[in-house]
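The same chain A turns up in both complexes below, where it pairs with chain B and then with chain C.
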Partner chain A sequence: MSTINKSVPKVEAKDKISGKMKYVSDYHVEGLHYAKTVRSTIAKGVIQSIELPPLPEGVTIVDYQDIPGKNVVKMIYEDWPVFAEKNISHYGEPIMLVVGPSKEMVQAVFDKIKITYQEETPIFDMVQSKVDYHFTKGDPQTAFQEAKKTIKYTYETGYQEQAYIEPQGFIGTLEDEKVTLIGSIQAPYYVKNAVIDTLSCKPEDVRIIQATVGGAFGGKEEFPSLIGCQLAVALKKVKKPIKLIYEREEDMEVTTKRHPSKITMEAAIDEENNITAIKSHVGIDGGAFLGLSSVVLSRAMIAATSAYTINHLQVDGDVYITNTVPNGAFRGFGAPQMIFAVEMFINHLAKDLNEDVHDFRLRHLAKQGDKTTTSGTFRDPILMPEMIKKACQISGYHKKKALYESSEKMKGIGMSWFLHGCGFTGSGEADHIKAKVKLRKDEADHVYLEIAAVDMGQGAKTTLMKVAAEVLELPLEAIHFANPDTDIVPDSGPTVASRTAMVVGGLVARAAQEINENWQSGKPQIVHKSYKQPDYMEWDQATFNGDAYPAYSWGVNVVEVSVDPASLEVRVEHIWSVYDVGKSLDDNIVIGQADGGTAQGVAYGYLEVMNHRNGKLLQKNMTDYVIPTAVDMAKTETVLFDNPFAYGPYGAKGAGELTLVGGAPAVAIAIEMAINKRVSKIPATPEYLMELMNND
Partner chain B sequence: MVRHRIPVTLEEALEHLNETTYKIIAGGTDLMVQNRAWSELPPKFDAPLLFCFNLEALKYVKEENAFIKIGSMTDLETLLHHPLTPEILRKVIYEMASPAIRKVSTLSGNIGNASPAADSLLALYALDAKVEIKSQKETRLSTVSELILGPRKTALKQNEIITEIIIPKSSFTQTCFVKVGGRRADAISKVAFVGCASVENNVIKDIRMTINAVAARLIRRQDIEKGLCEKTPDEVKQNVNAILEAYSTSIQPIDDQRSNKDYRKYTANNLIKAFLNTL
Partner chain C sequence: MTKITFTFNGKPIELHTDPSRRFLDVIRNDLKHTGPKEGCGEGECGACAVLINGHIVNSCILPLANVHHQEVMTIEGFSKTKRYAVIEEAFIKEGAVQCGICIPGMIIAVESLLNRNPNPSDEEIRVGLSGNLCRCTGYNMIVKAVLRAKEMGKGLW
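After this line comes the complex of A and B, so read on.
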């Protein structure tokens, strides 16, 4: 067994800690101009008039009329405009940029722009479906007809804000016809492809460079394409270098969030009190434009039974369009909503059926060889029984559960079991991403990873460099991995979907292997590798049938809480986690992902509140949008199980999202125990707990 | 042309205040945030600023007869660690903001900002704190509770500055501070409570309760407190519902981005009840 998991200092840690690291806002270019976005102040309506003040010399207005190509940000659906033309679909929708040589001048013009609207009645409820998906497994209809009884519940989840440390932004320059954008991004080629469409230009006229990213969590997957397109249009018109970086409040008010959801689940129960079939409806609020929402919906639907096997399923889902800020990618990508619903549902079913929850869940736990929700196969070993035992042992789960259930002390312990599909859904990797990597060796026998993977703090640089070093039997110092620049690196895909270690890392390992086999000391060598889907994978996107993912990572979270009797504030006392990520490529980095993921996942379940009033988000700064501080964060204990995956480098699977998706149900189940009420909504805030306590 | 001033003596500061209207900045942890602008641009103040953080003469904590006197430019972190700081005030400061904010923020700033959710005011109201206010011609005293008129509104005149916080020495057999915020540190209160009491020979001799963030101004009902004195703790505990009923006319919270009125009222009641139950 490889010892690659042995931790090394993160390669960029010194520069980050010392303050030497440059982020996009630290770049300075001679003659820099500044851009500020003029935004709608209504949720829905039509622009009637725009009144501009006289523009001082050097100040330029950039709007939809300046777009050489299509006024749409290239994503999956073409419904998201670069700039609003006449119609306004959400509060804060970008209408134009004011660009000028100083912030004072830009601000002065900005303050004098007057826009009048014909307001229309906005829609905030989940009633306008724009995408609906549907799939079945087995024969749910018969199972429901033959059921002894059926039980149905609805679960709701709220917004979540990524709250990355560094807000979104780019600095752009123009040289002849060529646009160069340096930005805080997760997907350099997404931005490049979007800009090409908007400018209607040649691919070689757009260059995207990733600046060191101060956190992303999915928030910098698709949204930067919008800013990138706007800035590219401005560069073409103004012909000066321009900085477009959001302020924290602007970022929080207008960038994509985690989709609020409403999930209804109905189970058919047989004579033995087992679940024979489940019908689910997954509704997610897409906001004003679809963006990636349909993909988020499909990931949620595919997680319809999470870590359990149910033989008969009917899964329906809708993306609803509302007049709110578009929702989008966020670590977990639909799975946190679904896994919350599944875990609560299993718990509530066991209670309704007077079954021991633990035993009831074990009876339904997925095993190797079982059919997945989409009738694919769990091919690899599933270590969950051992992992669950371990989690129970280190947390004292059974003893504490018995104690807290019989005590009035408002303490609780909750456990969640879950999986996360690694990489893009279905044939996404093979059909859409088609990842390519390039490894280059120079005369000094140093090896350069030329890939589009982004290190946003999660450790992609260190882990991928370790993979190359290990294969090549070179010291880490002989491996280099610069921030991606689309003029240099091939498209190895976006840094999303827990795919980087497994998919890109796998390609890096194969390329390194090839260099190793043909090693010529002192001579430059270049190797290219492209993604090949494992032969066993079959997927039909139209029917959601087959293997949705090449591999699954698995996890168990246990969360212990106490609830204050006077204020109903929840204190998270301890968090225990057990994960199977295939093979850890660096234990400290995986533990870092685990601690951060659980913090974000648990906080999603009880702490982080975001609401809108008339389409305007109320919590728009880090004072009002509450994320956990070090004082709120409980002690964590994490155990990793080795379960190497044949196609991952050294057996690695995904780790980034897995650690988030189980946090919310674990804390919600613990809270249920503490207050002896059923939780069906997150975040389970004190305000919500009060409603539950008052509903006696 | 806006001219900001950074005086080093109180006399200088008072002279400036006599000339024109200034916004007085002590630590700036409220005002700088309230007036923030696009990064790299100066904050958007509509009046010139009088930065008072260099008034070294106003940085002290001393004991004088029956009073603790705190210079108005003394930062909260100093107060947190000072031996003369009253216990209940120390408990409150300990949970306020973050260490970095406490290092520059002041009690006088908290008073001047007059936020209904200010935590230090809970202790100052409960301790019957007064402030010394100076202008070039006059020195006057006011209780903290009389100085604060409403959210962000004080009775401070344009030419005046708070120079000292005067806290009568008091001793209690028990004190309690409960802060209910969105999280356990660095949070603005949804509701917070201070309770101080002296119980001697099973008789309540002194009791004070203050609640923030449930009305336009902090709540302290001395009429109710008086009614509880000379009673036994058990008499009070049996009478909790009537006491809450008496407070209910004052507890008039609102919905906002941090919480809602039902929860604020529910929790305020529970905190009063919990404190009375500890007597």
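After this line comes the complex of A and C, so read on.
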């Protein structure tokens, strides 16, 4: 068996520790100009007038009238303007850029710009559906007719902010007609394709270079395309190098968040107290523009029964448009909302039916060969029964549960079981992404990975280099992987959806294999590979029928908490996790992903609060928006199970998102036990717990 | 314009500039040291941390005037020391670095902590690092790295 999982020092660690590593704001370019974004101060309405002060020499205003191509950011739906023209759809919507040779000069002009609006009544409730999806499995109608009883609950989740420590931004330069953008991004080709449309220019006139990324978590998937387009338009007009980097408050106020959701689930129960069917409605708040929201919705809906098999399903969902900041990609991409609802629902059903929760869940747990929510097949072995046993054993789950349930002390232990589909949904990889990789060998027999995959801290560089080194039987030092530059690398797809190790890694392995087979020492060699879908995949996007994912990763989280009887503050005492990510490509890297992902997932459940008043976010800096400190986070223990996936490199499946999706339900179930009330909303803040305690 | 003098990574420095400027801007723009990062600009995240007379300070909320006659060390200066080498090795061995944007500040926090307490417990490490936010790691491997560093570097602090 391959020992690729043995950890090696991360290739870029030394430069990061010593402070030598360059992030986008560390680049210096001669003659750099600065840009600041003028934004709407209302949630909905029409711009009536814009009054500009006299502009000092060197200061330029850039707005929609300067766009040579389309005033829309190319994403899945084309509804998101680069700059607002007349209509305002959310607070903080970009209207123009002020560009000048110094921050002070830019600020002076910025402060004197006066915009008046005709305000209209904004919509903040989830009532305006823009996209709706529906699918069924089996025959839910009959199952509901024949049910002994039905039980229905509704669950709600709030915003979550990615809170990467490095804010978003780019530095752009212009040479003749060519725009070059260096930025903190996850998807170089998303930015490139968006800029081409906005500038209406030739592909070779746009070059995107990824700077080392200081955290992303989905936040730098689609949003950078917006900033990139604005900056490209400014470069064409100003013809000077420009820096457009957000400060923390701006980043928090206007960049995409995790979608708030409202999920209703209804179960049909038979004579044996088993669930025969579930009807779900998944509503997510898309904010002002759709962006990627329809894809987030579909991923949530496909996770409708998470790690369980229910034979009859009806799943409906809507993306609602509201006059709030657009929501978008965030690690987990719809699954954290759905899996929270599923896990709470299973627990609440077991309680209503007087069933032992553990036993009730085991009876419904998915097995190899079962039909997925979309009537595809779980083809690969499912190790969940052993993983659950392991989680119980290392955490002392059963003993603690018995103890805490019978004690007055406000302590609790919660467990979540979950899966995550790896890669793009359905035929997305084959039809839309069409990933390509290029491997180049030079005369010195060194091999260069020329791919668009982004290392944003998750270890893509080290793991993909290890894959190549292992196939080529070369030392890691003979493999090279520079930050992607679209003038050099082909489009390997965005670094999202837990696809990089599995899909791009698989292509790297195949390309390396080919070089190996035709190895000519001392001679340059180049190999290209493009993605081929596994033969067994069949997917109908219109009906949501078939194999939604080539593979699934699985997980179990256990979280132990105590709740302060006076303040109702939750303290997380310990976290245990067991994951099946196929084959780990580097144990330290996978466990690091697990530690960080689980921390984000657990904090989503109880700590991270974001809300808006009249469309304006109330938390706009790291003081107001609380993410865990080292003191908030408990000790975490993680066990990895080996379950190699035939199509992944050395058996690897996805790992990045899986580790986030189970944290919130585990902590919420633990809190339920501690306070002996039912939690149906996250984050479970002290105020919410107080409400529950008072509702007797 | 005021004359400000201080020791910067062991070398004397004299600047003639507005003393109310943020020290982080002076470090990054005037002195061209980009090891200290700006994560929040409001003293919350610790990415901009530097050592002043051996103690951790967030340079984004520090007016330049406050470093007059003080000894300033950034990650660039600290990375030339023996203690740094120990911390670096411990961070690499434990896999404690992900995106890395918090790490220079985190290393400064570890040095400041071990200066105060060469033998911190798990809990003391967590409290000692609680001024430095990391969104990637969940802190687990960072805490382990400090435990390893204090063992490897016995007698250095």
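Simple rule for what comes next: the second predicted complex is superposed on the first by the 696 of 696 C-alpha atoms of A that agree within 3 Å, B and C clash if a C-alpha of one lies under 4 Å from a C-alpha of the other, contacts with A are read in each partner's own complex, and residues count from 1 in each chain.
Keep this in mind: a residue touches a chain if its C-beta (ideal position, glycine included) is under 8 Å from a C-beta of that chain, and two chains touch if they have at least 3 such contacts.
This one's a predicted model, so the numbers in the text were calculated from it and none came from an experiment.
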Ask   = First (chain B), second (chain C), both or neither: which does A:K22 touch?
value = second
Ask   = Which holds for A:F144: it touches chain B only (first), chain C only (second), both, or neither?
value = neither
Ask   = Regarding the shared-chain residue A:P686, is it in contact with chain B (first), chain C (second), both, or neither?
value = first
Ask   = Is A:K635 contacted by the first partner chain B, the second partner chain C, both or neither?
value = second
Ask   = Once the shared chain is lined up, is A:V609 touching chain B (first), chain C (second), both, or neither of them?
value = first
Key: Partner chain in contact with A:Y155 - chain B first, chain C second, else both or neither   = neither
Message = For A:E247, using the defined touch cut-off, is the partner it touches chain B, chain C, both, or neither? Pick first, second, both or neither.
response = both
Query = Does the superposition put A:T623 against chain B (first), chain C (second), both, or neither?
reply = both
Task = Counting touched residues of chain A, say whether chain B or chain C comes out ahead.
result = C
Task = Scan A:A13 for contacts with chain B and chain C and give back first, second, both or neither.
result = second
Note = Dual-contact residues of chain A (chain B, chain C) 247, 623, 627-631
Ask   = If you look only at chain A, which of its residues touch chain B in the complex?
value = 36, 103-104, 107, 247, 565-569, 571, 607, 609, 611, 618-619, 623-624, 626-632, 686-687, 690
Query = Tell me, which parts of chain A touch chain C in their complex?
reply = 7, 9-10, 12-23, 25-26, 28, 162-167, 212-217, 247-248, 456-459, 588-589, 591-592, 595-600, 621-623, 627-631, 633, 635-636
Ask   = Along chain C, where are the residues that touch chain A in the complex?
value = 28, 32-42, 44-45, 47, 74-76, 79, 84, 87-88, 91-104, 107, 122, 125-127, 129-143
Remark   = Seen from chain B, its contact residues with chain A in the complex are 37-41, 178, 180, 182-188, 191, 256-260, 262-263, 266-267, 270-271, 273-274
